[in-house]
Structures are given as structure tokens and as C-alpha cells.
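By written order: A, B, C, D, E and F. Residues from 1 in each chain.
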Amino acid sequence: MKKLMDYKVGETFELYLLIKQATTGVTTQGSSFMTLILQDKSGDLDAKLWDTTEKHVKLYPSGTIVKVGGDIHEYRGKNQMRIKSIRPVKEEEGISISDLVPSALKSKEVLFEELMQFFFEMENPNIQRITRHVLKKHEAEFKTYPAATRNHHDYVSGLIDHVVSMLKLGKSIADLYPSLNKDLLYAGIILHDVGKVIELSGPIGTQYTVEGNLIGHISIMVNEITRAADELEISGEEVMLLQHMVLSHHGKEEWGSPKRPMLKEAEMLHYIDNIDAKMNMLDRALGKTNPGEFSERIFPLDNRSFYKPSFE
Amino acid sequence: MKKLMDYKVGETFELYLLIKQATTGVTTQGSSFMTLILQDKSGDLDAKLWDTTEKHVKLYPSGTIVKVGGDIHEYRGKNQMRIKSIRPVKEEEGISISDLVPSALKSKEVLFEELMQFFFEMENPNIQRITRHVLKKHEAEFKTYPAATRNHHDYVSGLIDHVVSMLKLGKSIADLYPSLNKDLLYAGIILHDVGKVIELSGPIGTQYTVEGNLIGHISIMVNEITRAADELEISGEEVMLLQHMVLSHHGKEEWGSPKRPMLKEAEMLHYIDNIDAKMNMLDRALGKTNPGEFSERIFPLDNRSFYKPSFE
Amino acid sequence: MKKLMDYKVGETFELYLLIKQATTGVTTQGSSFMTLILQDKSGDLDAKLWDTTEKHVKLYPSGTIVKVGGDIHEYRGKNQMRIKSIRPVKEEEGISISDLVPSALKSKEVLFEELMQFFFEMENPNIQRITRHVLKKHEAEFKTYPAATRNHHDYVSGLIDHVVSMLKLGKSIADLYPSLNKDLLYAGIILHDVGKVIELSGPIGTQYTVEGNLIGHISIMVNEITRAADELEISGEEVMLLQHMVLSHHGKEEWGSPKRPMLKEAEMLHYIDNIDAKMNMLDRALGKTNPGEFSERIFPLDNRSFYKPSFE
Amino acid sequence: MKKLMDYKVGETFELYLLIKQATTGVTTQGSSFMTLILQDKSGDLDAKLWDTTEKHVKLYPSGTIVKVGGDIHEYRGKNQMRIKSIRPVKEEEGISISDLVPSALKSKEVLFEELMQFFFEMENPNIQRITRHVLKKHEAEFKTYPAATRNHHDYVSGLIDHVVSMLKLGKSIADLYPSLNKDLLYAGIILHDVGKVIELSGPIGTQYTVEGNLIGHISIMVNEITRAADELEISGEEVMLLQHMVLSHHGKEEWGSPKRPMLKEAEMLHYIDNIDAKMNMLDRALGKTNPGEFSERIFPLDNRSFYKPSFE
Amino acid sequence: MKKLMDYKVGETFELYLLIKQATTGVTTQGSSFMTLILQDKSGDLDAKLWDTTEKHVKLYPSGTIVKVGGDIHEYRGKNQMRIKSIRPVKEEEGISISDLVPSALKSKEVLFEELMQFFFEMENPNIQRITRHVLKKHEAEFKTYPAATRNHHDYVSGLIDHVVSMLKLGKSIADLYPSLNKDLLYAGIILHDVGKVIELSGPIGTQYTVEGNLIGHISIMVNEITRAADELEISGEEVMLLQHMVLSHHGKEEWGSPKRPMLKEAEMLHYIDNIDAKMNMLDRALGKTNPGEFSERIFPLDNRSFYKPSFE
Amino acid sequence: MKKLMDYKVGETFELYLLIKQATTGVTTQGSSFMTLILQDKSGDLDAKLWDTTEKHVKLYPSGTIVKVGGDIHEYRGKNQMRIKSIRPVKEEEGISISDLVPSALKSKEVLFEELMQFFFEMENPNIQRITRHVLKKHEAEFKTYPAATRNHHDYVSGLIDHVVSMLKLGKSIADLYPSLNKDLLYAGIILHDVGKVIELSGPIGTQYTVEGNLIGHISIMVNEITRAADELEISGEEVMLLQHMVLSHHGKEEWGSPKRPMLKEAEMLHYIDNIDAKMNMLDRALGKTNPGEFSERIFPLDNRSFYKPSFE
């Protein structure tokens, strides 16, 4: 079925959409209007609702599912939609939010299954037990949260999707460089971003929490490892090394890591995180680019444009 | 009584000294020697012990108190001592290490007393209880550790000396800018460097521990606040804000703070820490400088030399 | 009495306001309009005046006091006012510009009185005489100028307000660190920004002068110290040290100081200036923030947002 | 058999060694001496030869194989050897330079065989033909040169060793991220450092050539691709993209790449190069480190020390 | 005759203009419009064409010459034109594109003549022959291309204009510093930007080509020198030095030069390029500035404004 | 006649030399020695004087002319001299310091004559009078001081030599770019470094003065222009512009200029200063380099080595 992003300029559509964000304004001539950001799984577009009243504001808060008819036009180089009809969805139409938000290609259950396999290759009981304990405590959120508010893996279950992809890459690298300790590497990959379930507000309409802003997912996770070790009555070098893996995974102080990597596995964790995040951004940007052309600029890749070769 | 640093080039001395560091070497001609760093409360100097044997190595490990006779000469612009006689101290001479290591001017008991007075100005029970709890747990080390391995307050009880001085400055500033919250500011000052008692090895011959290198005093302390809050069953914003005070007190990511200050009191904590540390370095460097001349370069002050005015 | 910034979106008002800035434009449809920035002591807002003619342009230049009726609406996340009636103020209404521009809380006379007290603690006659001489020469402007065109102390008498606040902080610090020379420190605080009275255009609608742009308040002030010393026939180290205090008070070359501080007092002057400026910005930003929320971003504080705790 | 680096301080040895570098000096007392750097496959050490004459200088130039007897001592924290006997090797002893210089673990023939397998996975004939052509032209040097003068893969056949290791890693990554074009990625890996065979002087005693200094291996290789395409009469996008892969493989302008990566495969080439080089440095540094201790500082890894866990 | 940039706000005009760029849009009310950038030799302005249809889009693509009547108004501080009449030019009106695009003051033939004179001062036959060969191959484009897409010498024949101006400056400098080698310096000046004829799309409506983006004019030119030397069968140091001159002319790696200058003449080439480019930007910006005022900000001069003295 | 730097390793010499610097030391075995830096016009070398007594220290302070016999040897890659005989020069030998210190090739009178010619091209009386006034006041020092303590023009009369060379370059540039104001440019060139006569201690054994360190030649000169204008009773824009020329001639804040250039002539002054200083360094370094080799590293040129072509 054709989705929002499949429509081109000038085409008309009739679709169920989720109001991602709703704000109100007043034209310079004095009449009220609303700006809506409407989305389905394929992406989102802006729209204006003109001459609105208090009734509209109550009917269409962010988070509402609506049925919208309209067409697509271009404004300042970006597509927008023009709303011709809009109404809240009816219960009997059976549309739920999960039908309209993007998510990982595999289900969270399948991803979690894949993740759990990696524990079989881990041998150090302390590392394994701490990792399992933290994971279990945050399992529900870990399976549904995105890995970020934007840029990469910023969709429902994006966090676990990112972690499983990193684990596969980690396994390849550890097979090629056998001096790497798989216990540390896998545990580091699994734990490094679990703090995001406290740093971020949730899987949809994701924002930073106050704790996320003031403490950050790295320090949150270091605390959680302390707690896990206390609860399991584990002490010793492994606890410290796991904390170091998490602490250093941003690679440099200026990127938010209070310590630079001082373990071989921590250095590799930083690379693996980078490669997986950047491949995700590149695939997304180049998916929207025609062969023989340059992509839009990708901000976290130093704002570079990437070229898509004209041959296969 | 005349101390080590009071002797000028050419003068002879006879002093009790502590071997701060001892290393062995071989001359290019093949004979063995030892390089000793010898100190008393006034400072330390290098010395060579020529034509040494295994016996010397066993007799003069670092940490030994010795009685040394010799004179002072200059080598590459720095004073050194030439040893003419050396022997281990005898027990009946009654010299202890604390007689030979520099320390805060006030006793640690007096300093602790002064520190405890600041609790009376604190009103928020959660902040007060967490701060007292952490302090109590590490009280012994907190009272004897230095604040750093070198540069500033790097002597026995330097840490508490630094903290009490910062509290006094903090009080002045809070009195001038009454919008500052004294609970947060005082607690932040007291807690910010307590992690040093785990980061550093001890009050004498201080080095970084493995945990200090891999985790660092900032993250160590954030963990300790989590533990204290768990043990006291305190939760809520105060815990998070105290953690933020500690996390951000280095001011910038590139200076090791995973978060920049986002509380007014955190911003001030960073300044107060800076002023007290730098006044300590400046007073020390200018104390060794003649009026009308420039001091030696001070590395942590961007390697600058400071001028000492020729008038009072 | 309710001031401009006290009105919320949707409320109507009738106020005397000062036209801070007036520009003209043409809509894409070809009709003329004016954009006015209107202010009272509480702050300023933008407004549009539609379908204007030459008559309006002459009637409402910047600097005019007007009586305006209208209401407040929001446009792109910022409040604006919608003008329903506007006319120039009548002389008999007795409103003067000083009623409508923000200023220091204390009167300039009181502030100057406070400042003069600090001379009693100064002992070095050369330093005192030069400082008094420069101050006397620029006294009138020094008492009314702002300390900056925006960001901190950017109101009438903001400069002297900033200097008096710094002197109080300087006194506290000098009392805690008695090795500081109060003559140098106080003179440095008093003189450091006097050059602003030439760098900036005046107390209202403040802009940089050509001399301000090409020479800057630091070099302007260094010249003034030379002149003062020549006129008083004072020579010697004090002149040079006062010049160094001014030259280095921005702390680093890249912040506009041709020399980094090389006097203990110059290092402290830089910190004191920083603390007072930043407390002013923080208090202002947090004054507009609700408890439990983050402030707007503060550009000169690395564009950070600050959190206002939800408890007192 | 015990090699040079296996001897500890105080032990005596009798070994065939290669003079890697020989310089002469005069003591402050006026007698001549030589400083030799002597190596075998395990590494190298410094030694002094005292009271030398012209005869010694002629007998022991760099590149000479010698039989040396002596012992190991420590000087300023680094091991040195003390020479007790030395003579040039005799032909009948049958020692050749390749017995004494470190080299890749696998033979160059085996490595080349492995490399050639990757061509089977390449499909684009233009890319394949250019890559083979360049490789064929420089095959002999490509098989014996090091990848660098120091830091990583700085041994005989280090270049091909590095490239084969990168190809294996590239294959793993391309299998995990199937949108990557294997033609571009493999060709980029093979070609990226071929220019080193002109930039560097040779497999032993490797230094930068004048052309290496003035032009650099990146531009040298871009020229070679132009030549290859001209000779094969291939034109079109593939030539340009291969040149871009080489041009951008250092990742940033400040690291010597005139263009940042603008192809997904170029971005990955940069990461793969980095991972393989850094794993090589880390394995080497940690190989010399005891469990529970920190390695020496590794300059190209931001001068960091790495910790070797005390558990397996 | 009065040109586009000579008209002030409020004046009406009737002019032949070139459509430099044409884009279409839709108003929020749903009607179509076009945004045109229209230019003559004096500069360019934006204009809107309201209520457009498909017919307008076909009639007015970029590159069309039109006769336009209208007037000038100001919008957000920038002049715009309001179109009152517009039609495509008729053939019999005899207007060609070259009448409407800015160009060098001297004709390209005169400039080329001036350039060729510099060969008479060159003595090294290898350097001369390579330089002539490259120049001959690209002569046509070299004579018409701009030196850049914007900022400096961004007009028809701007490249040769820039090069001739640099040659004159180079000659002055070489006369003052006779140790400079004129062969290298002149050849470097002539060749340094020839690669722009491949990097850029053409003399009008200039954009970067794909090859320009992925390879860049520096590496393009280094390749061309290789080709020229191969075709002329010249080898030896001169080829390498000419390549180094081109490679290093941006001065630093972060400015796109893979090598910093390592020849005296390369260092000077970088300065000469800079001076000529900056004088061009400064003259242009100050030409639009009134005496006693500051120019607009000039982005490539660190975004500085320059002051135009009020005296001659 | 053969000078100090003409002697190669192993050669013996007998020369009049100036003791540039003399320091005393003690060997680790306890005997005293002196380290002398000895120079003639060609350069300087280090030497040791062994087993010295108080008599030697009194006989050979820095500034003494001595007759020395000895030979040249190499120590750590640098030439040193071994003293075999040394005695103070006798008055009747008629050697003066000016015979032994390097100086400009032309006499200071000839250089001053050349400089004065440039005043004839200046037209603005205010600029001319201020420039002449400042120059006259410091004429004696201006004619003998070096331009720097090291790196470039660091010899007797180096300052005027540098200024005259810059004036010639400035004239060439102003002739090519006629929009440049010669009054400002020439005055800026003449005045920009006059402050060095206060910043530096004198023509021989040059060091920074206290005022040089604390105020710097830029601010010193800005003050002098103020004084000159006051004394000549000149006011107006020219005074400010001359001060801006001096203030901004280091180009950037981080290079010690409190303001970046905001005049076209100030921008050019910065370039002209740079070109002349760097040509001086390059000629000096390449003068010591063999064709086909790289020079020693030149610290102020980003520590680069420069290549000297093997052809003329």
C-alpha cells in the first residue's frame, strides 16, 4: 500500500496519519492556524490547518490518529501537504499507533533472541552475570526504545536493532583478531547504550529527560553497573573494566567520554559503534538519492554529501 | 631549624631526609649507581650515590628515612645535592615520616572542624544527609590525602585543606550573590573531589591507582552518591543534582567532565575550584621568586611565568 | 504597575513605550509597512505597523516615545505585539526616556559612593592617583554607560553596577588570599572597562563606535593610563602594571587580550570579571525560567541551557 | 632459539645481529666512540663501542651483520646492551639479512595468493582491470615493502600483510552491510597504499624518499591510476571513483587527504585501515605488557597507555 | 548606460537581463509562483513572478535573456525587484549572453598575450615545455573560466585575469628576493588553478562538477602534469617539483593541500595567490562602501567587515 | 678570511670570538667547568672550559672578546668546539664587538637614507608628521636594534633592514593594486615594529625587557602614537587608523593582535611582514643546505623542512 513518502508533488492522497507534533499560530493578519507534523511508517511531512478555533486545538493534539485527505506541494525546496479534509480516526477503523511509527525491520522478540545467543560465547561468569542482570532489569524498555532521538536507529526498537548489528560486527572482528576478549567486547556492546532507556523519554516522540540532560546515559549506566555488582555481590576487576568500556565508548573527552579507551576492547567498541551508526545513516541518505547524484548533507558525518555511483 | 630548601649552592648540610624515590642505573663505563630523590617538609632534591652494590639497593629503598651529609651544587640550572655521608636513621633518633613530608598548615582535625561548621548553613535534609554519609564513609582518607599528585595542594591533608578553602570562598560568593543555593554549592564543594581517595594511592608517594586511571575520581564519586542515596533510601531530584555537580565540575568535556555545568551552582563550583587551585600554585611559585623578577613557568597555568612586583 | 513583559499571549494593553528601533519594508504584494521594536523598563517586543506611508516614517523614528494599545500574540515561538492604536506621547504626559529604559537597581550616585569607599583601602599613592585621575576624567559617562551592548549589565549605569559588584567580590577574595595586592586588584577592577565609554556610543541604543571597532576598549584604556601618568608626571613600575592589568583582563589572546595575565592580581581580575558577568546572565535567564525546567540557551555561556531546580 | 628481546637485564648473550644504524661521536674528554643500533627479528637495542678508530667506522657501517657478545643493562629506564666482543660475520656462517629483520608471519607468496582470491568476488571489469594493472606493475615491491617506517606493519612484507588483513575485515563488513559495493571496497583496499612503494625507500632501513616527502603516497597513487587507465584505454566514472577512494582514505584534510570520503565505500575504507593499523599497534604494545599493568604509551593512539586485564 | 545595480529603491527600470536561476513555488494559499534571479554585468537581484502557469515555466528557464520592466524595493535589508512586465528577448534585438555576464576588464586575448610574455623570463626547458603543453591543451577553457564560483574572480575570464595579476606580483617579489627561482614560481602560478577548468562546469552559472567534488582541481592538475610529462617524455626532478607547487598551493592540509609547501617558491605561491584573491575581494566590497563606514562582512576573510577611511 | 662557521669537524682554528653567554657547572664527579657560547659574524658554537676556578669566571664573563685556539667536533649531531687555548683579547689587537656580531649587509646610515625616501611618496600631512615624530624620537635605537631575538633579522640593525625591505615590497604591491593608500601602508610599515626598541634589551645579547613581557611592542607603540599625536596636537581619524595598523599587524588575536585587520592596508601590512620575515628565514636555512637535500626544520614555519632543488 502506498505510504506518505511515496506521494510526489501534485498527487492527492487519503491516509491514516499520526499527529507527531501540533502547534498553533496567528497570521500577521490576525487569524489563527495550526501547524501539524503528520507521519506514518514511511516518514513525516508538515501541514497547515487554516482558520482554526479552540475546537480544532482540542481535537488535534499531538499523538492523535487522523484520517487526512489532501495533496502534496513543494515549499522552499521541501515537500509539504495541503490538507483538504481531516477527521480523528474512529475506533472501529482499528488503526493503532504502532501501525504508523517506523520501527526495526525485525520484531523485538526476534532481535532479543539473536542477542541472547551471544551470551553462549561468553565465558567469564562475573561479566556474564552483571550483563544479564542489567539487561533483565531494563529489558522491556531496552526492546522498544530508539538508539537516539534522530540521525541513526531513531525508531521503535532502534536500540536493540543497533546492538544486535554491533554484536554481529563485533563477532566478525573478534574472529579476525583473536587477541580480543569476547567477554569484554560483547558485554561492552550490550551495555554501552542501555542508559538511553533513562536518558530518553520513550519510544515515540522521543526527547531527552531531565536526568538525561544532567547526567547522561554514560554516567547513568556506570551507576547501574555499580548497583548490579552490589546486588550480585560481585567485586573485582571485571566490574571496573565493564564500567570503563561504557565510560570510554564515545572515544574522546570532547565527545562526552570522561576517559579515553584504555582497553583494546574499549577501542574496538568505539569503532564498532561508529561503523554501525554511520552505515545506518549512509544507507538512509543514499536510499533517497538517485544514481549519479549527491545525497543531502548528513550532519553527524561532518555535514558531508555522499555520491551514489551511477553504475550498480 | 634550617631545612633542605634553605641551603644555597656551595653550602654543606647534615639532615634527616626521606627517600621519596630510588632508582638504579649503570654508567656507560659499567659501574652501578643509584639516583635518589630526597625530601623534607621544605621540598626535595636529586642526588647520586656512586659505585653502589646490591647492599645499597636493599638499604635505601624509597620510603626510608636517612641521615645525609653533603653539599649543594647546581646541574643544568637546577640544584642537586652531593652526598658525602648517608646512613639509615636509627629508631632512637625518633624521626617519623610525618616530620619529613609537607602538609597543610593547619592540622587535619582543625580543618575537619572548620568544614563541619558549613553543615549548619545547609537546610535541605536530603542533600545534607547524603553529603554527611559519603564524608563519614571516607573520613579517614579524606583527612589525609592530597588533592593531587602535583601542581596544587599535593601534600598530606591537601585535599581537606583545598575543600575548606573553597568553602570559605563559596560562602563569600553566596553572600554576594544571594540567588545561589548554599545547600547545593556547599555539598558540591565537599563532595567534588572525595573520589580522589580512590583515584590516588595514598598521602605519600602518591600515584594514580588502576581504578583512578580507568574510571577517574568523577565517575567514582557519582557511583558513591548513588550508593549513599540507595543506603539512605533517598531518591529524587537532589540525588541527581548532586551527581551533576560532581560530573560537571571540570567545566568542559575536554577537561574530563562528561557534562558541562547546567546548574548555576555547578558553574560557580567550577570557578571556585579553579581560583583556589590557582592561588595555591601562584603563591607557591611566587614564594620562590625575587621581587622584580619572573617566576618559573607554571605548567597548569598555560606554562606562563608570573611577575613579582618590585614594590610591596 | 503592569509592564510590557508582564502581559501574556492574548492579553490587551495600553502602555507608554519607547521605539528602540524602526525599519520599513514592502510586502510581496507591494504595500509598505514598518517593523518597530518597542520597549519599557521590563524588556522589548517586535510589532508591525501595516500600510504605512511617509507620514508614519517621519512620525515614528527610533527614539520616539509613543502610547500604544494592542494585544500580545505568539509568532514562531516568540511573543509579539499587535498594534491597535499608536500615537506619539504628548509633552504634558510627562514621560521621559529614563522611565522606559532598564537601569541598575541602585542609583548611579549610590553606586559611585560605594565605589569611592574602596579607595580608602588602597595605599600606593601612584596607583591611587592614576586611578582617580582616569575616573574623574570620564566620571559622567562612567556613571551612565552600560557594560556591554547585550548579554550582561547592558542597561543604563550597567558599567558602574558591574564594577561595584566586582569590587565587593574582589575584597572578599583578597581577604581570603592575603598575598593579593589590593592596590593593584582594586585599581584593575575600576579601570578595566573604563575604555567602554569610548568604545560604545552611549547609554541608550548602544552600538560600537568606529574607534571601538578599530581600537577597542582595552587599547583605548592603556592609552588613557599613559596619558594620566604623563599628566600626573608619574613614572615607574606601577604605570606598567596597571596597563598590564587592563591589557590582560580578557585572559587569552584569542579573547582579545594581547597579553595573558602575568600578575597574580591580573589572573584574579579575569576570574572576578567572569564570575560577575556570568552571575548576571544566569540570574537574568533563570529569572524567566520555571522551577523544574531549563532556561533558554545563553550564547556567551557556550550556548548552554541551565536547569532551575524544582525545590527551593 | 633465544632472541635479542628475550634477554633480561644482567644476562649475557652471544648473537648474530644486524647493524641497523651506526653513528660516531666524541666524548667530552676527546675520545671517539660509535653508537650502534643492533637488531634481530625480535627487535633492536642501542650499544656503545668505545675508543673507536677509523678502522671501526669502516668495519661496522649500517647494514653489516655482526656477531656480538655482551650483556644487557638498563640506562634511563630503557634496556641497552654492553658489547664485550664484536666481529663481522663470516660468509661460511650463512647468515643473511632476512634472518635478522622482522617480517610478516606468513610468506609474501602465501599473502599474495590470499590477496588474489579477492579478485574473484569483484565483478566490474573496469575496476578489476585497473587494480590488477597497477598491482602487476609494482608487484615485486608491493610484496616486500613495509606499510610504514614505524608504528604499525613496519616490517618486511608489512604492506601486503596489512592489505590482506584489511581485505578479510572488508569482506566481513561487506557481508554484514550488503549495500556496500565490493568492487570499490576491495579495489580501494588493495590500491590505497601501493604508493608507499615510491614514497618509501625500501624494505630495510626504511626512510621517506624525496618524492615521498614532496608528493606523498596518496597523490603518487592517484597519478598511477590515471596512467593505468590511460594505458588500458579505460575511461569513465570508475576511474574517478578509484581515485577518490585513494584520495580520501586518510579521512580528513588535516590527516593528509585532499578530500574527505564522499562514497560509502571510501568512508568504510578509512575505518578498515584504522582498525587494522590500531589492532597491530595494540597487539604489539600489549605483547610487551604484563597482566594487570599498563602498556608503554602508544604515540599514534593519542599517546595513550593501554591496560592489560589481569584475568584471561 | 545605467545598469541593474545602479537603480535605487523606488526607481523604475526597463532592462535586458539574463535569468541566472529560476525556481517554482506554491504560496500557502495554493497559487503557483516563480522566483527568478536576474542579472546583467553589474550584478544580480531576486524577483518574484506571481500566479504563474506551466507556460511561464517553459518560457523562462534559467539561461533565458528577457526584457524586464519594474521597480526596486527593499525586503529584509536587501534590494529586490518587482516585475511589472517581462518577455523573452527577440533575436533582432541583438543581445547576447556575453553582454549580460560580468567579465574581466581586459579581453581574454590581451590577458593571454600578457601571460605569454612571462615565458620569456623562464630558462629551464623542462619546466617551460610542460607548462606550455598543459596550457595549450586547456587554452580555450583557461581563457574563459572564472577562478571560482563566488568570492573572487568569479566572472568570465576570471581565471586568466587572476593568473596574470599573480604573475605581475610574482615578478615584483622575485625581483626583490633574487634567490627565488622564476621558472618554478611562474610555472607554479600558471598551472596552480588550471584544474579548475575540470573542477567547474563552465564560465556561466558555474557549479562544481562531480569530478570537481570527488577529486578536486589540485589532484586533477597533478594528474595532468603527469600526463604532460609522459607525453613529452620528460622525467626528472622538475616534474616532481611542479607537482609539489600545485599540491601545496593551498598552504595547509586543512585547506585542501595534501602537502604543505616544502619549496621556497611554493611558500611564495601560496602568499601570492592569497594576496591577489584578497585584494580582489576587498576592492569589490569597499567599492560598495561609503567613506567613513564599514563594508559588508566578507566571509572568506574570516567574516570581517572592513573600514573605508573618510579621507582620500 | 675564514670565519667560525667555515670550519668543519676535525679542523683546527685560531680566532677572535665574543663570549655570547657564559654559565658555570659542576661535573657529577665534583669539578667545576664553564659552558661558553662563542660567536663571530658567521654564527656561534658551544664550548666547554674544564676544571675552572673563580679566576676563570671573572676573566670570561659574557661580553668578553677572547682569542681562542681549538678544533671542531660533533656532539649529538651538532658541531661544538674544543678549546685548547683561550685568553682575553689585548687592547692593541684592535678588535671591537661590532667586528664579531652579525649585522645587516648595508650600513644603518644607508638603510636610513633609503627609508627616508619613502616619505616623499606620502601625501597626508598628519600621517607623515606622526610617523616622522615617532621615528625621530627613537631613531638611534631604531637604527641598531634587531627585529627579533631569533628566527629572522635577529642581528644588529636587523629592524631597519626588515623595515626597508618591507617598504620596497609594499611599494611594488601598491603599484600593482592602486586602490591601496600609500600613506597608511608606508606609515604602518615604518611604525609597526618600532615598539621593539622598548620591548627588547638592545642590539647584542638581546632579551625581552620586563615591559616587553608585560606590555609588548604592539601596545607600547600604540601608546607612542597617542603621545606623538598629543605632542603634535594632531587629532582625527588618521591617529586612530595608524594605531589600528600597528594593533592588527599580527593578523589574529591568537598571534597577539587585539584586533584583526579592518583596513585593506592593515591586511596587506600583515602579509608584507610575513613575506619578508619568511624569505629571511628561508634564505638563511637554505643557505646551509646542499642542493638535492632538505633544510633543517624551521620552527616558525610550522617546523617544516624545505627542499633545495638539485638544479639551478
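Basically, a residue touches a chain if its C-beta (ideal position, glycine included) is under 8 Å from a C-beta of that chain, and two chains touch if they have at least 3 such contacts.
The shown structure was predicted, so the numbers you read here are calculated from the model rather than taken from an experiment.
Common neighbours of chain A and chain E under the contact definition above: C, D. Counted as hops between touching chains, the shortest connection from chain C to chain D is 2.
Of the chain pairs listed in C-F, B-D or A-E, the one whose interface repeats that of A-B (more than half of its contact pairs identical by residue number) is C-F. The chain with its C-alpha centre at the largest distance from the centre of chain E is B. The chain with its C-alpha centre at the largest distance from the centre of chain C is D. Between chain B and chain D, two chains of identical sequence, the interface residue sets overlap only in part, with shared numbers making up under half of the total.
The distance from the centre of chain D to the centre of chain E, each centre being the mean of the chain's C-alpha atoms, comes to 45 Å.
Centre-to-centre separation between chain A and chain F, using Cα means, comes to 61 Å.
The residues of chain A that reach two or more other chains are 210, 213-214, 241, 262-263, 294, 305, 307, listed in rising order. With chains as nodes and touching pairs as edges, the resulting graph is of another kind, matching none of line, ring, star or complete.
Here the chains touching each other pair up as A-B, A-C, A-D, A-E, B-C, B-D, B-F, C-E, C-F, D-E, D-F, E-F.
Contact residues on chain E toward chain D in their complex (touch as defined above): 210-211, 213-216, 218-219, 222-223, 226-227, 230, 240-241, 243-244, 247, 252-259, 262-263. Contact residues of chain A toward chain C in the complex are 24-26, 28, 30, 210, 213-214. Within the complex formed with chain B, the chain D residues making contact are 48, 50, 73-76, 82, 292, 294, 305, 307.
Only residues 124, 165, 168-169, 172-173, 175-177, 179, 181, 184, 237-238, 241, 260-264, 267-268, 271, 274-275, 278-279, 282-283, 286, 294, 301-302, 304-307, 309-311 of chain B touch chain C when the two sit together in their complex.
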